[in-house]
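One structure is given here, and the rest of the page talks about it.
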Amino acid sequence: MSFHTVENLDAAPLDRDAMAKLVAQDIPANSFVNLGIGQPTKVSDFLSSDSGVILHTENGMLGMGPQAVGDAIDLDLINAGKIPVTELPGTSYFHHADSFAMMRGGHLDVCVMGAFQVSAKGDLANWSTGGDDAIPAVGGAMDLAVGAKDVYTMMTLFAKDGSSKLVPECTYPLTGLGCVSRIYTDVATFILENGAVYVRETFSVSLEELRSRVPVELLTYP
Amino acid sequence: MSFHTVENLDAAPLDRDAMAKLVAQDIPANSFVNLGIGQPTKVSDFLSSDSGVILHTENGMLGMGPQAVGDAIDLDLINAGKIPVTELPGTSYFHHADSFAMMRGGHLDVCVMGAFQVSAKGDLANWSTGGDDAIPAVGGAMDLAVGAKDVYTMMTLFAKDGSSKLVPECTYPLTGLGCVSRIYTDVATFILENGAVYVRETFSVSLEELRSRVPVELLTYP
Amino acid sequence: MLNIAQSADEAVSVITEGSTVLIGGFGTAGQPIELIDALRRHGAGNLTVVNNNAGNGDVGLAALLGAGLVTRIICSFPRQVDSYIFDELYRSGKIELEVVPQGTLAERIRAGGAGIAGFYTRTSAGTPLAVGKESRVFEGKEYVLELPIRGDFALVKAHRSDGMGNLVYRKTARNFGPIMAAAANASIVQVSEIVETGALDPEIIVTPCIYVDTVVQIDADATHGKARA
Amino acid sequence: MLNIAQSADEAVSVITEGSTVLIGGFGTAGQPIELIDALRRHGAGNLTVVNNNAGNGDVGLAALLGAGLVTRIICSFPRQVDSYIFDELYRSGKIELEVVPQGTLAERIRAGGAGIAGFYTRTSAGTPLAVGKESRVFEGKEYVLELPIRGDFALVKAHRSDGMGNLVYRKTARNFGPIMAAAANASIVQVSEIVETGALDPEIIVTPCIYVDTVVQIDADATHGKARA
């Protein structure tokens, strides 16, 4: 793929819906995709029905349809976030070992996950803040990180204290090494290639401002 | 189980059918059983329908019925010996990895296999005569040897040259180590326990004659 | 031979103090809640439980933990918004926790049933969950050695059983059931319906009867899913 | 997205010289004979073939070997009463043979599709087939380290496909199909029938469409089994 870096200085920062929509537009047609729990789930709202994208949920289903409402709710039919969903024509069910074999075996094209931090090398931290008091809980995050051909992450670029979540080295406990290929944030999207970080586009901020606040070398496409 | 050693001096040596019948009688009711290709397949002819024994065939079926004849022949329904068989009520089908997981996981109660040699420690040799010119071919024999809770073997006790096939150490290439628990032969049945070999019964020969021809210490039950 | 129990209480009565119990379910889908409740009433303690989560609210697995019967839990995602019973036990040091990535948990259980003594997975390599585990490089990438999980017992919820114990599941309620049934010395299964042997198409059976020891029919209306087709 | 080929010849036309090709079937059950014949006509050589056997008589896989297109074969049971084509190639040093216990062959293929870099099995420990392989003791017993098998292509025969490539099989013809489809970069599947997407019950699909790249319908009358229900 070839990109061209764009500074959208006049654009507003992306809200959650806009970020989800951008991710949805970027998912190649006919991909097999897993959307992580939380914010990434929203991406499905923006996948057009003619995209051919087929959704996997790691609790054992390929061909997941939209969230179930009303009479369509069936508590035996849920996604990884334990939300009732629907099945589409061509759905299949399988047990947990088969489902994670599908992930770990590299068969999914894309997974989308939230992130606490992503390093310039694509290391991902999204399962634990490492607090002394924290109860560890990882779910399927580590399996998705190593399994999907492409891992897209979604996060705000800056933490509440203003620090960048795109970092030279993750300080939070790692989920996976060198696995992230794209970072979608409210103010910029980044492409990670061969250990380098490229800015694809900005929203509301300039490249100069980004470079002043993100402690990672940011390259641009011509 | 407790046994009592019996010398049946007046009995004829067991032919193949008689040996198969004896094995069938000894298989505990309601066992899950795999019968190896060749001679052990005959055991199924002597399993009574009220024994509750359920047959596994490693090409992916549990609940195998008798050999198919006439119109019942379906080339998609065969056993490990590639012979057309039938399905019984309660049959299930599964792929090869699931089928061998069932074997290797220790879920089968008994498997019955032919043997070239069995050692006093229960080592089994039944896949290769080790000839320089031989093309190696193992099939599922090694998986059965390690997988079933009990491995019964069927063979003539003496080779054409008169040498015993129950040996101190196998000279043929091994199939599995310490796996055999019973040896059914034309002239005697043996129980292997804790590295010792017990004679359970003889047919046509005396214990004394057995001991003179079998180069392994043979114990008896009181 | 299949044991058909008359009640959940009878079905779990064989479970002994100190057992490792694999418990199926992901959320409420496939959760054998009547069996879990019966296990709590049964009262065998010092249990190790393997489940994806560590209980929600104060019912089912959470209540089993709350009754003090579980001393160790192996799971992928203990912390949830309503896992307060587990949280309290954990913080007060009353329960031991082993956190395992979800796919590694599933594969370790599968290995337990399949006679695999260990396997190498990329999952968790280079992360805190690989600390203390052996790792090894294959074709330039680091993999972690993981060991099988087996249970003395499994508690599983399936949709239908036949008279021999062949099982089918329903939608995403299948989740851990098939691999847990295979990895336990004795599998205890609650089903919505027991049908005649031969009534299930051999092509659609998910758990062959060799993996099932006890089945108990629990009225579908009493279960937590929608009425089953 | 599923490619629906119009002929077996079109379906295999993507296979290139030097590929590793996983070929399903056990005996004639599940043997994709029309695809194998098409591969022979296609003529890509220097192939590594993975199959349970090494061909029978002078048809199918035996004919592929006879055409000199296969330089290496991985299988569990090459020697059969009518494997004379393989026997001759082997004895004259024209084909390389790797013999693998049948269950280890299946598990290595499963590992290939499941992202497992290696596993320890009891099978073959202490036997000549473990020579040169790493072994390790777990709980007092010796296990052998086995590595995954992957294919560039798989040739599989299934019963039905839907329009997305979801597959069901028929009886013991299922054998290696599901694991080979999962372990190949591109799976080429011959089916007796292609049905409308949605016509297969989601509960009974054995191979999810993610594992299938190309499907070709081969008239059931032309296949070697009994007429299919």
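By letter and in written order, the chains are A, B, C and D; residue numbering begins at 1 in each of them.
Operating definition for what follows: a contact is a pair of C-beta atoms (placed from the backbone, for glycine too) under 8 Å apart; a residue touches a chain by one contact, two chains touch by 3 or more.
Note that the coordinates shown come from a computational prediction; the quantities given were computed from them, not determined experimentally.
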Neighbouring chains shared between chain B and chain D, ordered by label: C
Selected pair, out of B-C, A-D or A-C, that shares over half of its residue contact pairs with B-D: A-C
Whole-Å gap separating chain B and chain C, where each centre is the average of the chain's CA atoms: 35
Distance between the centres, which are taken as Cα means, of chain B and chain A, whole angstrom: 55
Chain centre separation in whole Å, for chain D relative to chain C (CA means): 33
Chain C, residues touching no fewer than two other chains: 107, 110, 114-116, 121-122, 169-171, 202-203
Sequence positions of chain A contacting 2 or more other chains: 87, 93-94, 101, 103-104, 146-147
All touching chain pairs, where touch follows the definition stated at the start: A-C, A-D, B-C, B-D, C-D
Partner chain C, residues of chain D touching it in the complex: 107, 111, 114-122, 136, 138-139, 141, 143, 147, 168-171, 201-204
Residue ranges of chain A in contact with chain D within the complex: 30, 32, 52, 54, 56, 62-63, 87, 89-94, 101-108, 146-147
Residue numbers on chain A that touch chain C, as the complex places them: 57-61, 73-79, 82, 87, 93-97, 99-101, 103-104, 128, 133-143, 145-147, 173-177
Interface residues, chain C side, partner chain B - complex: 1, 110, 112-116, 162-164, 166, 182, 197-198, 202-203, 205, 208-211
Of chain D, residues touching chain B in the complex: 26-30, 76-80, 87, 90-91, 97, 99-107, 109-110, 121-129, 142, 169-179, 206, 224-226, 228
